[in-house]
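For reference, the structure is listed below as structure tokens.
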Amino acid sequence: MSTEPKPVCRYPVPDVVDLPEDLRDRILEVQHKAGFVPNVFLALARRPAELRAFLAYHDALLLREESGLSKAEKEMVIVATSGANRCLYCVVAHGAILRVYAKAPRLADQLATNPLKAEVTPRQAAMLAFALKVALDAQSITEADYAALREQGWDDEDAWDILSIAGLFGLSNRIANAISLMPNEEFHLMGRLPRTKG
Amino acid sequence: MSTEPKPVCRYPVPDVVDLPEDLRDRILEVQHKAGFVPNVFLALARRPAELRAFLAYHDALLLREESGLSKAEKEMVIVATSGANRCLYCVVAHGAILRVYAKAPRLADQLATNPLKAEVTPRQAAMLAFALKVALDAQSITEADYAALREQGWDDEDAWDILSIAGLFGLSNRIANAISLMPNEEFHLMGRLPRTKG
Amino acid sequence: MSTEPKPVCRYPVPDVVDLPEDLRDRILEVQHKAGFVPNVFLALARRPAELRAFLAYHDALLLREESGLSKAEKEMVIVATSGANRCLYCVVAHGAILRVYAKAPRLADQLATNPLKAEVTPRQAAMLAFALKVALDAQSITEADYAALREQGWDDEDAWDILSIAGLFGLSNRIANAISLMPNEEFHLMGRLPRTKG
Amino acid sequence: MSTEPKPVCRYPVPDVVDLPEDLRDRILEVQHKAGFVPNVFLALARRPAELRAFLAYHDALLLREESGLSKAEKEMVIVATSGANRCLYCVVAHGAILRVYAKAPRLADQLATNPLKAEVTPRQAAMLAFALKVALDAQSITEADYAALREQGWDDEDAWDILSIAGLFGLSNRIANAISLMPNEEFHLMGRLPRTKG
Amino acid sequence: MSTEPKPVCRYPVPDVVDLPEDLRDRILEVQHKAGFVPNVFLALARRPAELRAFLAYHDALLLREESGLSKAEKEMVIVATSGANRCLYCVVAHGAILRVYAKAPRLADQLATNPLKAEVTPRQAAMLAFALKVALDAQSITEADYAALREQGWDDEDAWDILSIAGLFGLSNRIANAISLMPNEEFHLMGRLPRTKG
Amino acid sequence: MSTEPKPVCRYPVPDVVDLPEDLRDRILEVQHKAGFVPNVFLALARRPAELRAFLAYHDALLLREESGLSKAEKEMVIVATSGANRCLYCVVAHGAILRVYAKAPRLADQLATNPLKAEVTPRQAAMLAFALKVALDAQSITEADYAALREQGWDDEDAWDILSIAGLFGLSNRIANAISLMPNEEFHLMGRLPRTKG
């Protein structure tokens, strides 16, 4: 019914074997874990220094262990803000990761479409409201927004995590939209079935 | 990880057995076909005259056989405009129907998130652009919008179908959002697996 | 000074005598009462099943006797939301009906232009605020919006009336704008003179 | 049905007899011609120097005889931009003046609600498009906007008239909205009846 | 690096010596004080009646001695609203005047870019919030906005000053943007150096 | 006139001497060159891994030698998009850098306020239009936007530079706004005087 699958993105993508060793190793590691290479690696790899910087920022925020946000909550921030920015790649790819982390097969669809309807706690709703304001109207943030977070138990370090993750995906949503980055087919289904491992 | 499932909607819903016979029969027929009762029936059934009118309008547009739009294309209009209106129920429920009709497991996620990235033909892209203008900025429609449709082979009757479907979901998206109508769990997965029947 | 009158709409309209009997009877009844056939009947009558469904939904909401909204208040919802949607037909036609029902010759102009300046009670202002949020930003409605209605004495059934009427005119405003439906000349003056009967 | 009439505006208004002689004379002259004192005079008269400046700017633009715009066309610019700015006073008062000048009883309702549906010539439509861009998005005006005017026979002096009138009502719409200036009852009906003189 | 300087504006400007005596005198007086003729005088002088009216309104508001706003506070209103309207001439010219009046070399850059980040008192922040609502959303102003002013010690006469200044620059921002009025080079630096006199 | 200077940002900032050696060296190098430590270093340094990643991305894009954009053109992209995002820190800091690189003392004020009025070449105007679409509406980018770049001689690698820089400042504008990062006083004046070295 629909047309041929679109390419990874509107730019040519390099062969993994031609990449610098550090990136090749990282990509092969991801491929080993996930069973496929997420397209964002291929798209950004054409400029190795930029991919390295993106991954470093990504890891600094998302792998940071001492965070007050759980891994699933970080993905909730990503899916909600990427939905607000209408970024197909990030909604589908991080929606998949969220389903796996949260073991909540409906949550990503809810957050991507309308976070106000999502099955989340009031504390998570406050986190999402702050993240969406960073994504859509950061110029209007005031101390009142931090106070609303504190009322739900989020401190200033948590706020930094939220605003930085929303900021980083402000970057990647823009790049992905501008280059028409398509999500891998695998992401659409991942985490939707009872025993999917992701 | 996430909270308890939300109820069908913020209003109490009637028991199917208590409904007028015509509605009960219609609902049981749907249940027989789909395996479950879509929540929109339950939510609107509390006002039988309104549900009857909604179904009559729905059927007049979506079951109309002589249309220049295929059944899948009508669902594409619904998913894209419901995504633009951020209506969780319609995105998930009609996304499922679209996957089944179009045998295209990724298409609904694409249309709901960013129709410009969807794997559709140029003719379908013109249909979607017109539908989205009806949904988001109908006040600005001029003859130039009809001309853009004609360039892709859509005539005035097709345009009427598109604008009426986008209009009808302008209604149902608003009601569903206002009453917090939740999609049935079944819709999230329907049509995503190779052999799913919907 | 201005140009020739525009046609009823950009689509050809059928002759009333050629319509199915039920629609012909309904239209002749309206003509008998109002002295003319409102253009919306002519425009939608080219697709009898759709006109029937529209009238059924219209009647279910606007003729519903047990409503907590008066007939004039329902028209206030229509005029304010149609003004927000910049729908010429609905502003002028329902503005006329509102003037007649409310015996308030200035009220329709106020509501269509800027509802915040309209001469209404605080209770009606709450009704209008809810209706306008349904029309313009239904995705953001939360329980706080229902609470604001309750503070002014509107219960959940009243809320359903308001949201459904705003929703239905979300549909008809979009269709009327898309097909350039023009109001009958008679509507512009109706209810503006002390003894006009409408 | 509706509430008590609102006052002239949210500020107290002076007695005409207490005004400086020049303003008193001007107001009495208007009253003599129109049969009543338009509320804008009363509202602004509390600061005589400001009313004088406003009238001077108004007269310089609207009474300018050598203009390429007719008096009715200038009022078309005012009504369309005031509708876009949702200014009740200016829509109703200048709508009345437009009906009288243009002998077109429906034109003001059309322009205030949706200028794209108004019964105007293509040349007037180009004038209105430019005026609306000045009103709503002046920051984006480029030479292409002047070229679109020229294509319809409007030269740079006409453009200056249009942009200055749209600019002046950018001022008066903001003041009228901010002080809740109400139109005189007389304006609502003026020019709607075959023999009304205005 | 950049291109040739742009002209004063897209319209030809008159020679000062050819202007009516009152305008010539006013312009020479300004030139004597400032060391140059601000471009707005040259641009508007092509229509002497309009320049006279503009200057009369400007003087009535900005030279009004009994105002509750200081001269610097009036310029703060102008710079913040002109920034919101993205008016290059008014941001740069009135930014210079503000720097001189307030002896605050950073304040104009702050207000033009994001007033929420500006180094102002809470009282001034309330003034700016009201002014920005007049500039960007006057249609939504209600008594609650006046109450917020009163909480910070601004009375109704102060509110009139704020709304009128924001209104007047609603006019001049639109004209300046539409005619591409460029600020004089001198304004960019004025008031930035410790001993600049302006 | 204005209030006390605001702190670097709403978060405490570390002492440079306490930072990891690589960051301390980098900061001291910048301080040596510029004469002061730009506040963004202090603000982000509280999370060394994040600052390292940000600087790596920044350097990969802005120090990339083979780019088709000059250093000044890259700063033009930054100032225009940061103005659109109303980011005080980035407008003032990168405005200073742009003035120094471009030897164009007015250009930064123009780009931050209204890029359409800036004294740039048509080729640079196309670059800015693409950058602003990435910043404000990346979801709507299509091949037509790349074609508009190509018409002005920008190839796909240049497009990648533009979209990535606009994307990166989509990130830093959001963080700076959210944490209320203030520009160093020195930036406001830098590059405005004939012999300033920056």
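To keep things simple, chains are lettered A, B, C, D, E and F as they appear, and every chain counts its residues starting from 1.
Just so it is clear, a contact is a pair of C-beta atoms (placed from the backbone, for glycine too) under 8 Å apart; a residue touches a chain by one contact, two chains touch by 3 or more.
Please read all numbers here as calculations on a predicted model, not as lab measurements.
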Contacting chain A as well as chain F are chains B, E
Equivalent interface to A-F (more than half of contact pairs same by residue no.) among B-C, A-C or C-D is B-C
Does the chain D and chain E pair touch with the same residues on each side or with different residues, judged by whether over half of the numbers are shared? same
Per the C-alpha centroid definition, the whole-Å distance linking chain B and chain D comes out as 44
Between chain E and chain F, what distance separates the C-alpha centroids? Give it in angstrom. 28
CA centre of chain A versus CA centre of chain D: separation in Å? 51
Using the touch definition from the top, which residues of chain C touch two or more other chains? 86-87, 114, 139, 177
Which word fits the touch map of the chains here: line, ring, star, complete or other? other
Residue set of chain C touching chain D in the complex reads 1-6, 70, 72, 83, 86-88, 91-92, 101-107, 109-110, 112-114, 117-121, 177, 180, 182-183, 185, 188-189, 192-193
Residue set of chain D touching chain B in the complex reads 114, 116
Chain F contacts chain A in the complex at 10-11, 47, 49-50, 52-54, 56-57, 59-61, 64, 85-87, 134-135, 138-139, 141, 143, 146, 156, 160, 163-164, 166-168, 170-175, 177-179
What residues of chain C sit close enough to touch chain A in their complex? 139-140, 142
